[in-house]
Every structure is written in C-alpha cells, then in structure tokens.
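Below you'll find the structures, each written out as structure tokens.
Below are two complexes that have chain A in common, paired first with chain B and then with chain C.
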Partner chain A sequence: MLPKAEMVHWLFATGILLVGLCLLAEAIVGTEVWRMRPWRKYLWPGLAFTLGLLLWPVMAFFTNSAIHMYAHGSWAEVLMLAGGAELGLVHGRLKSRWWRLTWPLAFAVTGIAFIVHEQNPWFFARSAFLHHLLGWTFLIAAIVPLLLVWRPRSPALQSFFALSIVLVAVMLYCDRDVAPVFGHLSPLAGPPHR
Partner chain B sequence: MQGSYAHHLPASDARRRSRRAQAVSLIGPLTAAAGLIWAIVQPYRLTMLHPRGQGLWWLAVEPPLLVVLAGIVFTFVVARPLLADMEAHHAAEG
Partner chain C sequence: MRRVAVIAFLALAFPAAAAAHATLRSTSPHFAKELQRGPAVVALHFDQEVKILPGAIRVLNSRGRDFAGPSRVQGTTVSASVRRLPTGSYTVRWQAISADSHVVSGVWTFGVRVPALPVTEAYGAEGPTNTEAVVRWLWFLGLALTIGSLGFRLICLRGLEVPLGLDRRIAVAAGLGCVVSLQAGIAAFSLRAEDALQLPFGRFLYGDLSPMAQTRFGEAFVTMTLGFALVLALVYLAWLLDRVVFFVPAFALSLVFVAGLSVSGHDAVDPGSSWKTEIADWVHLSGASLWIGGLATMAVLLWFQAPQLRRAAFANFSQLATVVIALVLAAGTYLGIVRLPHLRDLWMTGYGQVLIVKLALVSLALLWGAFHKFVVAPALQRGDAGFLSRIGRSLIGESIVGMAVLLVAAVLVDSKPPPRPVPSQPAQAASQR
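Right after this comes the complex of A and B.
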C-alpha cells in the first residue's frame, strides 16, 4: 500500500516547489509587503518545517540501508531546524541573524548526504544521476543562503535562493525508480518502466 | 532641472511597481502552464487518461497535475492577496 519511492519524490517536489514560489514572490515584492498579512510570514518557513517533519516517515518506511536512513534522518533534522529557526525569526522570538546560518547548514548537510548515500556512479540510472546532481547543486547553492545571513534584504540573493529551490523541485520531478539518463542505464539497475 | 527629476521619479517608481505586480501575477499561471505542457509532451504520465488497472497511488500522484495544482494554489492562495497588499502598501505610501 506504500507509494513507490519516485512518487514520494514527486510529492516532496510539489511542497518544495511551493516553498520556492513563495520565496520568489517575497523576493519580488520585498519582505515588508510579504509580511503584511500575519499568516503569510509563516507560510514558507512553516512549509519547510512540515517537509522536514514528513521526512521522518520517509526515513522509517522507505530506507533500505543504514546509509539511506542516516541521509533521510539528517535531512529531516536540518530541514526542521532551518524551518523552525525561520519561524522563530519571523515571529520575533529569535533575534540573532546567526540563526539564518541554519539554511546554509541545511543545504550543506543535504548536499553531502545526497552524494554520500548514492552508492552508484552518475550514469548508472537516472535516479543515481539526479542524486549526484542534487548533491552538488545543494553544495554549490549553499553559498547563497550563507550570503543572505549578511545581506538578508538583497533581492538578487533572495531570487537566487528561490530559484535554486525551484531547481531542486524540477530535479525531484525528473526522478524515476528505474529509467535511463541520456541513454545510459546499467543492466544491474533492472528493467526500466515508464 | 530639479523639477524635471522630481517629475520623472514617481513615473519610474510606478513602472517598477507595475513590473513587480506583473511578475507576481505571472508566477502561478507560468507554473501551471509548465505542468500543462509537461502533460501534453508526456501524456502517459497522466494515469487518469487510462485509469483501468491502475493502483491508488498511480491515480493519486500524477506529476504534471501536481505542478498545475501548485500553480493554481499559488495563484489563489498567495498571489491574489499579495497583489492586493502591494496596491494597499503603495497607496498608503502615496
């Protein structure tokens, strides 16, 4: 009765896409306008926190090795930490800008976990390729939330941050359990399906 | 010279505000359009077109429809109230 792993990726991609779109809108209109309605300022941090929370059942039901479990568990932890810190900051309970370091931390941990837990080479199958690509994307993109700690109102950095998250959603939508990537599919991966 | 500068400043501000409003109002429809194009390019991803013999999850999770849904939700839940707030904010600013 459990959904296939690729479906879980697509569902998470939808949540991540909504976070990215909200961040993009905030970058365009500015933080002042974005926070005019009280519910809206909690929207994307709340979504990020919820996605972190939902990663726990993914860790429990979809991991088939210790390294997969550690990877999904670490994503759940860092996403909940970053989302929770952002919720505290927008609510005013947390004051220090250094809490924003939780975002580059989340990106870096996620990137490392993606690369480390993918045991197959890039062109083994599409999922392997995307895991490597996602890992390096997160690691390189971590520089953006790091710079946002010092320039939190920069529209350019906010836009880059938003677009990097939208890009992650696109990559997750491309994921398939067994499918070729640029015509490459290892015979060890099993028969491809649609 | 100063008068001319002061005359042009509000006009450029208004243009910038209008561009921002256009950008926000386009995010949702563009996202939904991306999902729609995906559905046209890969119709076999829409299990609702051939539902016989499909399991619950294949019928519930159809990626192009999820993208369309995200675009629609964003448009109605986020973009519309945000555009109203933008107008109210700029009206208050004068």
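Right after this comes the complex of A and C.
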C-alpha cells in the first residue's frame, strides 16, 4: 500500500522547509552564534543527508514511468552527496572548500531533472506550472551556493540560499495540485482535485 | 560551443514543445492476474485524456495471435473488446498518444486458468543482451567491493592496531561499492524492462515500468536498492565519526540484501529450484564476494597503506579464504548438478560451455591462492621479508583473475540453462503418490 504521491511531496516539502528555516536562522544570527551549541552545526546538513536517503524508497516504489524513476534517483544521489559533504566539512573530516561545489551541482542536477521529467507544458495545470517553476528556481538559484564557495560567511548569500530553499519547499507543497493556474486548466488534465 | 549552449537553453526554456505525456493509473485486468475466464474487455485508465491509433491495445497469445477488437477511447479510458480466450497466458501491449502527440506505451501479462507469465517473458520480449552482462558484472563488482572490504576489516583485521587512515579508506571503498551497486541495479532493472517493452529510447523514457517492478526481479531490485542505500548511510557514518562499529550492521545488511539476486535468478525460478538452491546461490554469491572483494582490499589498500599489518592480515585472510572457498565450491558444485542434469550438458550446451570457462578461471584463481597459502604464508611466518615486498603485485593479479570470474558469472546468469528432462509417467505417478 503506497501513500498518495501528494503526501510524499508534503513530507519532503516539510523536510526541505526545515532545512531552509535552519539556514535562515543561521543567516540571521550569524554562523558563530548558530554554532554556540555544537549539535546545531549538524542540523541542516544532517537533514539534507537524511532526505536524500529517504528519496531512495520514492525512486524504487514509484516506477510508473522510467523518467520519473531516474529523476527521483538523481535527487537521492545529489542530496546525499551534498548533505554528506557539508557534514564532512562541519565535522572537520573534509578540509577543502571545493567540496561546497556539491551544492551548486545538486541544485543544477535537481533543476534539470525537474524540467526534463515534467510531462506537461507550463499552463497545463498548477502542478505542471510549479514543476517548471521549481526547475528554473533551482537552476537560477544554483549561482548562490556557487558564490558561497568563495564567500561562505556572506550574510546576503546565506540569506539568498536559505530563502531559495524555503521557496522550493512552499512550491513543493502544492506541486501535485490539478487546479487552475492564472485561470488556466487544460481540459486534458482531468477534474480538479484541490 | 555557443550553439550547443543556445540549444540546451531553448530545450529547457520550452519543454512544453517536447513533453505532455499521459500516465497510466490502472488497468483491467490487473497486471499478472490469473483469471478463471477471459475478460470481455481490456481497459486502461490514464491521468489525462489521450488519443488512439488503430491497434492501440493488442491482446496476444504465446504465438502472437491478436484477440483484441477495435480500440475506443472515452475520456481518460482506452478499451478494447476481447474475443473468447482459451486457457493460456496473454500479453497486452498498448500505446496511446498524449496531448502533445507523443506516444506513451507499456506491456503487461495475465493468465486465463493458468498463472500469468512474468512480463519479461511476454510475447515479443527479447534479451538479455551483452550490455546486460556488462551491467551485471559491474553489479557483482560493486557487491564484492562492499562485502569484501567490510568483511576483510571486521574479520581479518580484528584485534589489530589499524591506522585511522586505513579504516577511512576501507569505508570509502565500501561506499564506492554501494554506489556502483545502486547504479548497476538501476541500469539492470531498466534494461530488463526494455527487453519486455521493446521500445526505442525516447519512448522507453515514458514507458510504464510498474509491471516490471512486480516481477521477482523487480521486487529484488526494490529491496536491494533500499538495503544498499542504508548500507551506504552506515558506511558514511563510520567514515564521518571514525566508528568502526557501524561496519558491523553494514556488513550484516549487505550479506542479507545480496540475497535479492539469489531469490530472483535461475536458482529461484527455473524448474528444479527450491529453497535449497536459493540458499546455495546466496552462499555462492556472498562467499565469492567476500573472497574476491577481501583479496582486492588487502592487495590495493592494506598492502601499500599499512605495511606493518601485512604479515598478520595475510595469515588471517588465508584462513578466512580457505573456509570461504570451500563453501563457494560446495555450493557451486551442488548448483551445477541441479542446473545440468547430464554431464554432457557441460560441453553440449551454451550454458555448460560458459560454465567450463568459469571453472577454468576459478581453477587458475585457486592455483594462485594455493601458491599464496602453501608457499608465501609459511615463508612469511618464517620471517622472510623478501616476500612481503614482492607479493603485492601477485595479490593484485589474483584479484584480477577473481574479477574475470565475476564477469563470466555475469554472462552465466544471463544464459539459459538446459531444460530438465520430463519425468516418465510411472515416475510422475509415484511422485504424486
């Protein structure tokens, strides 16, 4: 018995929202204050790694099209890689700042996978619109973690990074809605269910 | 370069021009269903409206005769009437046109008064191909690296002062093995589905793989994917926290989940299979992985990274290998007897000929191993330091032979064993009594 696809999206939206809120909190109070409790530095990288791990069941159980399976698999891998690299950096196991390149990589791969695997055009329904918007948000926002490789303590960049992840979470909450977007709903989409 | 960038940008900016596919939600009859009488109608329910061409649904028997009437579409449902079906297994092949004129396709099977054939044996299915053998080999290598490196650390280096750097490298090797296993699993599942669907790549991307996921192989793929993702996480924690204790559950889980291949291969589904052949196959596979992967770990990581442990590790691995090889040979001999009912099958059938090549390579590896056990190990015990510096390359050579054995094993898995002789009537009656 598999949970409905929208429930799975809500679960991951919640996880990603938590990651974004942790990052936002760190950007607001500053890294030194955020890390005054040692466990806090592991919080958002650990969450990201765990979300990557939890994406494997999504890949394995939702096989109603090959391209969906590959998209979910690619997200699982890049999220585990980026979360794992960040955990390694905060723990001191990894030293090179180049490991932070895993985040722009994760954003780029995720964005491309979102755009390529969406099967319908922008105004087909709200869900299709949000899939395209998610893809482009990830692709454009990839520049922020890329700049963070050189300016890891920049409050502005940290804030943009956090807000882009919060934005992604909000979009994920409603990206399964078969509902009109700006008044448009394709007659091919079936009856609205949100 | 600029042109490529512009094309890539346009492709991403206007995906609507290249995508608007419908997704199959449910079917009637259901995948792999055994029915008491043939269905009057076969129906497919999509998530959005579709269009059809003549022959959108075909209901084919084992000879390719089509029993479906004209297809019709009503909203999101495509259906076709079906003529009276005699007893047998049937293949449904379907295709529909999405809103953007692209084609979505799929295949599933059902049975009338007999169990449905697996979708991999649907009418029109082909394979396996040479690519599948290569992917299977990579899968075996990944499993061997994971199981072998973890087993080597936990069994052969137990109680020794292992440098932190070596533990971390072993964790990296085991993690790499997990990643290779996961990727190869996805590729193997996709290729197996492609064999059944028989679609060009562009259409395959939108092919429905869910009937494939409900086969034994599909269930094994799902289970192994989840299991090895968990093993990867445990190995990562061991690396991050410098805690070898995480290797223990990782090793145990990898031994458990490697059984996915044993419960979905020849030794689980072919005639003559039983729980005994499944266990024998698991012993064979996990033992070979421990032997070959452990040897490679010792040759590549320990020999050059921790020379102070060479003597003790070599002695411990020699003992472990003796037990493991005995188990591998015993299980392999039993499976060979089950798979090849007659001795002549060994040279008369393709399966037997591949097995001969495998046996030749195994013999070479055993001879090499015997040299290490009976010549090198006693010399090391006597304190002959010369061997310590020279034997590294020899260990790598034995490891390469082991990897070649895995390649032939991958070809063997994708080969069809000879059919088993049908028991005579009196013998059948006796067995029924």
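The criterion applied here is as follows: the second predicted complex is superposed on the first by the 191 of 194 C-alpha atoms of A that agree within 3 Å, B and C clash if a C-alpha of one lies under 4 Å from a C-alpha of the other, contacts with A are read in each partner's own complex, and residues count from 1 in each chain.
Simple rule for what comes next: a residue touches a chain if its C-beta (ideal position, glycine included) is under 8 Å from a C-beta of that chain, and two chains touch if they have at least 3 such contacts.
Since we're looking at a predicted model, the values are computed, not measured.
Asks: Chain B versus chain C on the shared chain A, clash or fit?
Replies: Overlaying the two structures gives chain B and chain C room side by side.
Asks: Is A:Leu43 in contact with chain B, with chain C, with both, or with neither (first, second, both, neither)?
Replies: first
Asks: Is A:Leu11 touching the first partner chain B, the second partner chain C, both, or neither of them?
Replies: first
Asks: Quick one: classify A:Gly73 as touching chain B (first), chain C (second), both or neither.
Replies: Touch partner of A:Gly73: chain C, not chain B.
Asks: Answer with first, second, both or neither: which of chain B and chain C does A:Ala25 touch in the superposed model?
Replies: first
Asks: Centred on chain A, what angle do chain B and chain C make, from Cα centres, as a multiple of 10°?
Replies: The three centres form an angle at chain A of 140 degrees.
Asks: Would you sort A:Tyr173 into first (chain B), second (chain C), both or neither based on which partner it touches?
Replies: first
Asks: First (chain B), second (chain C), both or neither: which does A:Val116 touch?
Replies: So A:Val116 only meets chain C here.
Asks: So which one touches more of the residues on chain A, chain B or chain C?
Replies: Counted on chain A, the partner with more touching residues turns out to be C.
Asks: Quick check on the superposed pair: does A:Val33 touch chain B, chain C, both, or neither? Answer first, second, both or neither.
Replies: A:Val33: touches chain B, not chain C.
Asks: I want to verify one number: the closest Cα approach of chain B to chain C after the superposition, in Å.
Replies: Across the overlay, chain B reaches chain C at a minimum of 19 Å between C-alpha atoms.
Asks: Can you list the residues of chain A that touch chain B in one structure and chain C in the other?
Replies: none
Asks: Any idea which chain A residues touch chain C in the complex?
Replies: 49, 53, 56-57, 59-61, 63-67, 69-70, 73, 76, 80, 84, 87-88, 91, 93, 112, 115-116, 118-122, 124, 132, 135, 139, 186-190
Asks: Name, in rising order, each residue of chain B that touches chain A in their complex.
Replies: 20, 23-24, 27-28, 31, 44-45, 56-57, 61, 63, 66-67, 69-70, 73-74, 78-79, 81-82, 85-86, 88-89
Asks: Under the touch definition given earlier, write down the residues of chain C that touch chain A in their complex.
Replies: Touching chain A: residues 12, 15-17, 19-24, 47-49, 76, 98-100, 104, 186, 190, 193, 204-210, 212-213, 218, 221-222, 225-226, 229-230, 232-233, 236, 239-241 of chain C.
Asks: Using the touch definition from the top, list the residues of chain A that touch chain B in their complex.
Replies: So the residues of chain A in touch with chain B come to 1, 3-4, 7, 10-11, 13-14, 17-18, 21-22, 24-25, 28-29, 32-34, 36-37, 40, 43, 173, 194.
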